[in-house]
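Structure, as structure tokens:
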Amino acid sequence: MKRVAVFTSGGDAPGMNACIRAVVRGAVYHGVEVFGIRRGYNGMINGDIFQMTSHSVSNIVQRGGTILKSARSREFMTPEGRKKAYEQIQKFGIEGLVAIGGNGTFTGATIFFDEFGIPTVGAPGTIDNDLYGTDHTIGFDTAVNTALEAIDKIRDTADSHDRIFFIEVMGRDSGYIAIQSGIAGGAELVMVPEVLTPISEVVETLKQGWDRQKSSSIIVVAEGDEEGNATEVAEKISRQIGTEIDMRVTTLGHIQRGGIPTAYDRILASRLGLGALEGLLHGQKNVMAGVVNNELVYTPFRDTIRLPKPINEDLLRMVKILSV
Amino acid sequence: MKRVAVFTSGGDAPGMNACIRAVVRGAVYHGVEVFGIRRGYNGMINGDIFQMTSHSVSNIVQRGGTILKSARSREFMTPEGRKKAYEQIQKFGIEGLVAIGGNGTFTGATIFFDEFGIPTVGAPGTIDNDLYGTDHTIGFDTAVNTALEAIDKIRDTADSHDRIFFIEVMGRDSGYIAIQSGIAGGAELVMVPEVLTPISEVVETLKQGWDRQKSSSIIVVAEGDEEGNATEVAEKISRQIGTEIDMRVTTLGHIQRGGIPTAYDRILASRLGLGALEGLLHGQKNVMAGVVNNELVYTPFRDTIRLPKPINEDLLRMVKILSV
Amino acid sequence: MKRVAVFTSGGDAPGMNACIRAVVRGAVYHGVEVFGIRRGYNGMINGDIFQMTSHSVSNIVQRGGTILKSARSREFMTPEGRKKAYEQIQKFGIEGLVAIGGNGTFTGATIFFDEFGIPTVGAPGTIDNDLYGTDHTIGFDTAVNTALEAIDKIRDTADSHDRIFFIEVMGRDSGYIAIQSGIAGGAELVMVPEVLTPISEVVETLKQGWDRQKSSSIIVVAEGDEEGNATEVAEKISRQIGTEIDMRVTTLGHIQRGGIPTAYDRILASRLGLGALEGLLHGQKNVMAGVVNNELVYTPFRDTIRLPKPINEDLLRMVKILSV
Amino acid sequence: MKRVAVFTSGGDAPGMNACIRAVVRGAVYHGVEVFGIRRGYNGMINGDIFQMTSHSVSNIVQRGGTILKSARSREFMTPEGRKKAYEQIQKFGIEGLVAIGGNGTFTGATIFFDEFGIPTVGAPGTIDNDLYGTDHTIGFDTAVNTALEAIDKIRDTADSHDRIFFIEVMGRDSGYIAIQSGIAGGAELVMVPEVLTPISEVVETLKQGWDRQKSSSIIVVAEGDEEGNATEVAEKISRQIGTEIDMRVTTLGHIQRGGIPTAYDRILASRLGLGALEGLLHGQKNVMAGVVNNELVYTPFRDTIRLPKPINEDLLRMVKILSV
């Protein structure tokens, strides 16, 4: 393989730039030409493709976002769109792809291979950590620390006013950010989509806290919790315990997607970018590079797409013990 | 004066602890006994009052929130409440008060002096910077930097996706946080309560940006803007420019009240705490200590309460120039 | 076991407080009385021991340092010292210990058990990550991120002035901090005690960089590197390449020991604190709790003391590839 | 004036990029062509000059360092060097200059005007805050906060070990960083070049602390203190109080020059960049733009160079009171 390309797709995540850098520098090191594609599959369709050198990725390891920009592409979901993309790939003489993104991205890559035979190796870039085949995804550690910083700040004001705070963090189908930031932030309770926490249990926990003179409480809620989002949860509780209690809701929102990546994310992203590139050069296709138990592994896209990533229930148990 | 007390009241602000520390250490230095009152006027009413020493304020200069806790007190608004408070003040032999808070706090202190002759000197503790009589209030600089960090993070993701972001910051009647974080964050536009920005002007600015190939934009909105909060503003704009444009709203919320105070806030809080204490010892009453043009000044509560604090319109002009 | 005690010993590390909290809350949860011992073995000898409750560890999860303070104890190395310590342990009716520290601490605990039969379970608290039996030690992730923040700052000024910077990080016998912060910080070279990097190779790397128009370079040096510390390395290089090149040395020093612990360190510390406590309650002794491949494991002190922890040489290879 | 140029010179400082951005965007706004000169006077001599547009300064407001790079130029100190520089300035048709730097830079600009009539307006860019004519220089607030973060971290470890820490901060002739970071960091003592603090006074302060059971102490030393740098001060003290006391020295070094600029520095830099540019366009020459008492003012270079900037001794008094 003499010429490869790299792109980012789906939601952006801190560390994507470190990953791009590793792909590009890895290619330079191995004497392979490397191109960047802007805005994911959209750029592939439109030919927004340019050659990259070692210098193109100078001074980006510490930057959030993605210099290649990202997008979700409706057109690539159509045969016509993919045909156009293939024509561009051919035009540039690109023989293999590194795709940094999540399952939507990998699904597209699988179909693209079936239709046109262009192999892709993926790197898991999403803050949600909801991908099977890797212990952590690129951006997760940074997102957890961003959520944690916010929780630390809110604890200051919660303590000063004897308030209950409901803090909503990202994670539509996954409680990973909630559970990690909740434990680290000393939350009294964490509500995640994977395990139902009935409102009655929340009320019970709050009451036990008051019995122990705990005057302020923090409850971390994943946006996809079954009992609703943080605002809905707070309203349900308010109906049960009355309005004398001072309760506030805060939704962290998009700050969780940005920011300077942590050391962990930069190193993970570097390993995965290099791993994806070297896998591609060694003939891998339709697989995602991951790090499991500190080893680089490749998992077929069909498994990353199909298999669920279970949450560690030991951690939920720990929340309970640590908030006694 | 041989015995004074200090309390925090109203919304908490980063730097309040540095201010408490300066009051306490100043009192120790001047050989005056000093007491802390918990939860503002509520604690005064309930006698939640305790003696403080130099050691009571060790290792708090860097902490957000307030170790004395804060609250808004309905009971103190009644003559009965204030009578109870006075009885406690008498019981502890307290001859003067340092109140860290805002205009609500200072109004209470004024009435309390009229009724019972207990003098208070105030220190301006509020993130909103909306108090006449001081260039900056305690907590403002930290809140601006917190908002700015969030804007920096959101710019990462805005740039990666070519999005328009509306970021709502605190400031019900005051655009100070909005304008400072907006300039520092390189926002395309800042909307503040003091100056009406018509929706048509926002739309115009966005369109000019697109003409110059600016693909992402950040608009900072103070929560009290006349055109509505950030969500309402975004909806109005969406109606005018159509839905193809990817627009997102994020509300920073309570994280702006917490956090480790900046150097500026710790120094300002120390000066104001010491200034309030020394003013009280020298016979000042019903005044707020402030720093204007780097000089310590005392302004009567009736002025801090009555007089508006104008926003610097030069700064609004600067937003326009810097976003060309 | 009805009564246990916890202490911190050796160099402090961010996350120790989260670990103490987990031990205390775990004990409360399991209905066991728990005591704190101040200043490590010194406090044990002097009886600086006090009962802890759930409330004793409120609001400490986010604080650097250790509320129990730490020290190295010469007296505990003597039979007389240990005898005194045992008398205090007996006096307080303590049946088992959780020791948060490193190999010096564990060596003391082993001898103490041999002499008096008091069992200890350890938790690895040291920023150096040089303990066999756990993937990471408490404080390591925070120290790496602290070093990384410093490298990011120095890169700003290195780039602005076309300078070579030698940055010395902690790690007397271990290159873990150097290699992780070096990769994450985009360093051109990392020098660690485990692998000799000859000065000639450093010179070669710098020259290759100049050939590629790389005008500034960062070299991370572990304090225990064989070629000397950062100042010595810089001088050796200066002798070879002449003095026209602008070279600077900076030693990060003790800031690496402090700071707000990262999410990773707080979660790890919580798991290890709880794991050590529960191990002790289930009859473990003379072992260190660790997390290997995301599983809680117990490793005998004799192994943590005796066995080396190899550095991942793949990471050193990665530095080379990423700096092309 | 139809064509101006901007450059940075001397030591770099956080906020220089925000200042460059304000100059460039201000020029675009006023319809004036603007050029960037790389590496200060060296680039002027070598013709390293390029046209800048609004887009050239996108996404730099938050970055440390200077995109124009900086250098000290020996050649510009010679008549031949300045002649070459003038030829380049003429060649590019540049009619006026904005120089971001310190007194060395301004001295050069004054001579250059005398010889060739090219007017310069300066903006004060240096972390040391040692320039007469402005309350604060660009980069000072960031440097203070960087030093403060380091002090906060070191306090963690000082408290954990009952140690005395000597922390050396930047400021060869100026104690501004020392005094502000010292007050904000709760230091027991601050040693600055402007005021002699005899070693005997340091010893006295430490002893008084011990009498009050203060087990750890932090002393901030400006690098230019009369009693020597931090290491020398520590040695002198060690000779007087003996070696049982655990004392450590840490030198913060170059991290103080880098980092993401604070809100304060970005706003100040924006005001000064715009102020310098508009001053130049309105016919100002050989003056530095500054902000004094929140007003934009212009001070002749001869005054910024000649007049000392006194330190606020009230702040030194405050250190003493706050550390009782």
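By letter and in written order, the chains are A, B, C and D; residue numbering begins at 1 in each of them.
Just so it is clear, contacts are C-beta pairs under 8 Å (C-beta built on N, C-alpha and C of every residue); 3 or more make two chains touch, one makes a residue touch a chain.
According to UniProt, the chain labels map to these proteins: A, B, C, D = ATP-dependent 6-phosphofructokinase.
These figures come from a predicted structure and were not determined experimentally.
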item: Farthest chain (mean CA position) relative to chain B; value: C
item: Selected pair, out of B-D, A-C or C-D, that shares over half of its residue contact pairs with A-B; value: C-D
item: Separation of chain C from chain D, taking each centre as the mean of its C-alpha atoms, in whole Å; value: 35
item: Chain B and chain D: spacing of chain centres that average the CA atoms, whole Å; value: 29
item: Chain A-chain D separation of Cα centroids, rounded to whole Å; value: 39
item: In chain C, residues with contacts to at least two other chains; value: 152, 155, 159
item: Chains grouped in pairs wherever the two touch, ordered by label; value: A-B, A-C, B-D, C-D
item: Contact set on chain A toward chain B in their complex; value: 8, 12, 14, 16, 39, 63-66, 69-71, 146, 150, 152-157, 159-162, 165, 248, 250-255, 257-259
item: Contact footprint of chain D on chain B as seen in their complex; value: 18, 21-22, 25-26, 28-29, 54-55, 59, 61-62, 135, 141, 144-145, 148, 152, 155, 159, 180-181, 183-186, 212-213, 260, 262-264, 266-267, 270-271, 274, 293-294, 312, 315, 318, 321-324
